[in-house]
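Here's the structure we're looking at; comments come further down.
Chain IDs A, B and C follow the sequence of writing; residue 1 opens each chain.
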Amino acid sequence: MITRNYLLILITAIMTVTGSLPVAAQEVTLQSVQAETAFVFNTLLFLIGGFLVMFMAAGFAMLEAGLVRSKNVSMQCLKNIALYSISGIMFWCLGYSLMYSGVDGGYLGTFVPYSWPDAGAANEGDYAVASDWFFQMVFCAATASIVSGTVAERIKLWPFLLFVAVLTGVIYPISGSWKWGGGWLDAQGFQDFAGSTIVHSVGGWAALTGALILEARKGKYSKDGKVQAMPGSNIPLATLGTFILWLGWFGFNGGSQLALGDNANASDVSRIFVNTNLAAAGGVIAAMFLMQIIYRKQDVTLALNGALAGLVSITAEPLMPSPFLSILIGSVGGLIVVIAVPVLDKLKIDDVVGAIPVHLLAGIWGTIAVVFSNTDATLNAQLTGILAYGAFTVVASTTLWLLLKYTIGLRVSEEEEYLGLDKSEIGVEAYPEFV
Amino acid sequence: MITRNYLLILITAIMTVTGSLPVAAQEVTLQSVQAETAFVFNTLLFLIGGFLVMFMAAGFAMLEAGLVRSKNVSMQCLKNIALYSISGIMFWCLGYSLMYSGVDGGYLGTFVPYSWPDAGAANEGDYAVASDWFFQMVFCAATASIVSGTVAERIKLWPFLLFVAVLTGVIYPISGSWKWGGGWLDAQGFQDFAGSTIVHSVGGWAALTGALILEARKGKYSKDGKVQAMPGSNIPLATLGTFILWLGWFGFNGGSQLALGDNANASDVSRIFVNTNLAAAGGVIAAMFLMQIIYRKQDVTLALNGALAGLVSITAEPLMPSPFLSILIGSVGGLIVVIAVPVLDKLKIDDVVGAIPVHLLAGIWGTIAVVFSNTDATLNAQLTGILAYGAFTVVASTTLWLLLKYTIGLRVSEEEEYLGLDKSEIGVEAYPEFV
Amino acid sequence: MITRNYLLILITAIMTVTGSLPVAAQEVTLQSVQAETAFVFNTLLFLIGGFLVMFMAAGFAMLEAGLVRSKNVSMQCLKNIALYSISGIMFWCLGYSLMYSGVDGGYLGTFVPYSWPDAGAANEGDYAVASDWFFQMVFCAATASIVSGTVAERIKLWPFLLFVAVLTGVIYPISGSWKWGGGWLDAQGFQDFAGSTIVHSVGGWAALTGALILEARKGKYSKDGKVQAMPGSNIPLATLGTFILWLGWFGFNGGSQLALGDNANASDVSRIFVNTNLAAAGGVIAAMFLMQIIYRKQDVTLALNGALAGLVSITAEPLMPSPFLSILIGSVGGLIVVIAVPVLDKLKIDDVVGAIPVHLLAGIWGTIAVVFSNTDATLNAQLTGILAYGAFTVVASTTLWLLLKYTIGLRVSEEEEYLGLDKSEIGVEAYPEFV
């Protein structure tokens, strides 16, 4: 042993004296190769996760185009491509730095425009700066997509897009900074892995306030309390939208691991894929069982929303639960949808696509359910987060909706609503030969 | 030379004496970095391949929604999202261990529920356990998707879903274990790279037995031998479904390489992408040429099914053939579709979407065609596999279909069939404003 | 310092003498591990980029199926799946070697059929040969997709497909070789990162000559100069197609970085994702603003084409611009669409889907805009490239269109056009129950 140590010390001494001997240099190089490989993997995770979540914009567009009546379909398509575009521009000029730059335990970041390293230059850190921006931007856009479905068929185009601009440039980034930017809720121990609250509830609260302020579509609720069914015009499009959203959710939750550079992270991303899928499956099956028990019939739109509610429910913690617990968490999401849709109708809250049960209620449920598997989560911190996001988003979006309502106006005229927004505001019918 | 060897021996001696000298330590580290990088690449292949195959569920849904009549479209959408959900749950609670755990040259695995390593833990082996589960699960779901199109427009919802549960939880995993679980057919040298037989023929046999036991849709075949055309309601949706399936097939075949960690494997996955694409292209063009010769017209649905038959044909061996051979193999698949569709009608086998020619017949062809390029394959072993999978699936699924038929019943009433399943079982019409 | 250098020289001397000592061997191994990791990353970039661009075939199919009238939808679906199939086969048997093999500063490559390394063999170079083939093939197919929309609703099936075969097997590969194959325009310093000119303008010129030679659809332009609106039959499909194209463009531009193996390349691919997304967003918003100013209404199809024009505009240089410049470049693309669509109608050039403004005009704009950010680009070289591609494609495709016109004929009869191509050439209606 002494001989070994003596020789080792001797070699080390020589290394120290020479300062640049090959062995030492190689140790650094091996580590740097490892680090660079991890950098590329992490960046690739953001890019793949990012394009999957980007495609969710198409999923929302198809879901909503399928669930509105044919006279409003072109408008819904336009709103969706416009809101995705606005989200990108607002998150570039305001949102990203407001959410991630210099939050330091506080309540918002800075208004410093974000700058990227030059082309051709290696980036510092564990991933490419621009890949992170892209991944975070598509989350921001998803928040806006949630709103458009609820307020469909009666809101004017430009006021809606103004709302989206403020939501994606200011409201979402500020509240997002509280946890993901390292703000005050992060310091409190609030846990929300991929955004059951930060994305889905925030979108859901904004949608709820919009539905309340806009009021219901004409004829939806009669004075004697009857609810007029206004069936969606294209169920296979809504189904396609749901499958696209399901696909995108692998990027949404899997990418939120934020790293793929080693065995442990790759294994965790894989677990997240499995749990995400099983929660959605649980949501579908639970919704179908409950429908069969209550109605003896199957409403396909509730099964689709069951999948989405299962996905929203597992989003706050897709890593820690066992597969079985994931199925349970998603199943409760599915049950929430079947129960909440008629309740909202009783409350005369007109949510055209069911986004409030799916994103707001299942989002709250998922955020609470974190405590079942993540030992870092406390019920107290989770409820604090849910309430904080709720209070802020309700106040901010109510203010904004009302400001729009009493200035440029939010709602189309009764005649325009009757004609359909495609004729009155767009001038292009969605299906000119079918209807 | 002597001097060189002397110095080398001296250095090695020092290394051996010290036991922990930097050079030796680094050799191990370099290998471990290489192994960890390969681990992440392999896992990533499963995750990317997996989400592409998952999206095939949307492809099947759109293909089938486009090819059934409008009165059954909502039902077809519901069946597809439900069957994908059930597949995931069944493959979790039963299928995966039955297919992969302790088969050892035998006929089935064990019923041990599968468990994943804990979150945050590095996994042993060459890829993350959960990524493999995800990839294998979506294959299982694809098998069930094949069945739903053939038996459309007349089967009841819940009996169909019970069939799916047993197919994905028991039948597919047991037969899958024979080859991919390392069972008796693997020992016989049967070759089926990505599942022309194991996935597609099995789905096709299950569909065929279902079609025979359910019998044809009312009015499809009149007593004087005439065939009543029942055209699909939405051709662009069927086209979209086909393109989505084509996209997904890059994951299906490419992911079945099971490794991406080095130059050779990455090069092989790339060959597979090329061959897969060319076989599909050959299927389209061959089908179109044959249609032009026979009918002087083009049936777009046969061109779409030609693509799918080309894809199924190359699935048993997408790696070894040259690009030219891949085009030929796929072309024969396309010809099979054009020839077989009217033959099935003469036999009064009512296959609503053409899944039997595409998945069963082209699957058999593709499994035989392995012998043209893979020297490990023998015609004897291939035919043994085809017959074994056929016999087992026919017996198992016939038993199951009959059990369902004589207990809860398989088929809707004639009146319900006339009305359409959307009105009778779903209560949500797919296109309430168009029809 | 002297001691250090002395020791270093001594160690180096020993290393040189022994020739095979562990340290030197490991340096090689570390470098080879690094190289192999980069190889897999580069290949993966081509495969992921490739499948995203492959999916653009579905995007074009849906965009065009949505923008033609219902009586021509099945035909448009068939043309799109057939053209994608033909592109693959032609690019295999002719195109790839004509474009990339032995161009050496000249005007075309060789007709040597391309061969891949055997299965299981490591490939030389920085990426798998077949992955590059796949990636380049889907670009070739995109060029053909551009043509099909413009000439829709009046061109016969087989002449169109013959045009596609020559376009993808000869015209595109020859002109592509000038820059991407290392031909004469590359030597001149022409810059076109991902193909604003090489793909989009070439497709656009071929479309323009086709529109001129085919002439307008019957009834589109009356003698008194009035333009008859012929609205698309399915706006949500067109919207879906646009979103799919947007998704695919991340592969189109991101993959054109051609490398992902290290920090700098991964960072550059990330920048490209961001710029690509922002240019598309700028195109949408600019088109919407201009429409609002001019028409006080929103034509959703112009907003969709605004996105595509933004994407085409940034394609020639998606790496170097700042995010803000990317928004500007894309915005100009969006403005071009809104301005050019009515101008084309005044010129009685009947472009069914708006492909000429989107791909040709925005492609020219994007190619010029390279000079704003890429210091290697000169206006002279860019204009030389634009003119060279324009002149060659116009001459080649005009010759080909005329050859087809005066032999087998290009255009369906007036009666067939009135009936719709689905009934006259296909025999399968797209929506048999809706219209």
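We take it that a contact is a pair of C-beta atoms (placed from the backbone, for glycine too) under 8 Å apart; a residue touches a chain by one contact, two chains touch by 3 or more.
Model, not experiment: these values are computed from the prediction.
> For chain B and chain C, which third chains touch each of them?
The shared contacts of chain B and chain C, listed by label, come to A.
> Chain C and chain A are one sequence twice: same or different residues at the contact, by the over-half rule?
On the two sides of the chain C and chain A interface, the residue numbers are mostly different, under half being shared.
> When the centre of a chain is set as the mean of its C-alpha atoms, what distance in Å lies between chain A and chain C?
Between these chains, centre-to-centre, one finds 31 Å.
> Could you list which residues of chain A touch at least two other chains?
23, 26, 30, 33, 37, 44, 48, 234, 240, 431, 434
> Which residues, counting only chain C, touch chain B once they are in their complex?
Residues 14, 17-23, 26, 29-30, 33, 36-37, 39-40, 43-44, 46-48, 50-51, 54-55, 57-58, 61-62, 65-66, 73-75, 77-78, 80-82, 84-86, 88-89, 92, 116-117, 119-123, 128-131, 133-134, 137, 157-158, 234, 237, 240, 425-434 of chain C touch chain B in their complex.
> In the complex formed with chain B, which residues of chain A make contact?
3-4, 7-8, 11, 23-24, 26-27, 30, 33-34, 37, 41, 44, 48, 52, 69-70, 231-236, 238-240, 242-244, 246-247, 250, 254, 260-271, 273-274, 277-278, 280-282, 284-285, 288, 292, 295, 297-301, 303-304, 307, 319-320, 322-323, 327, 431, 434-435
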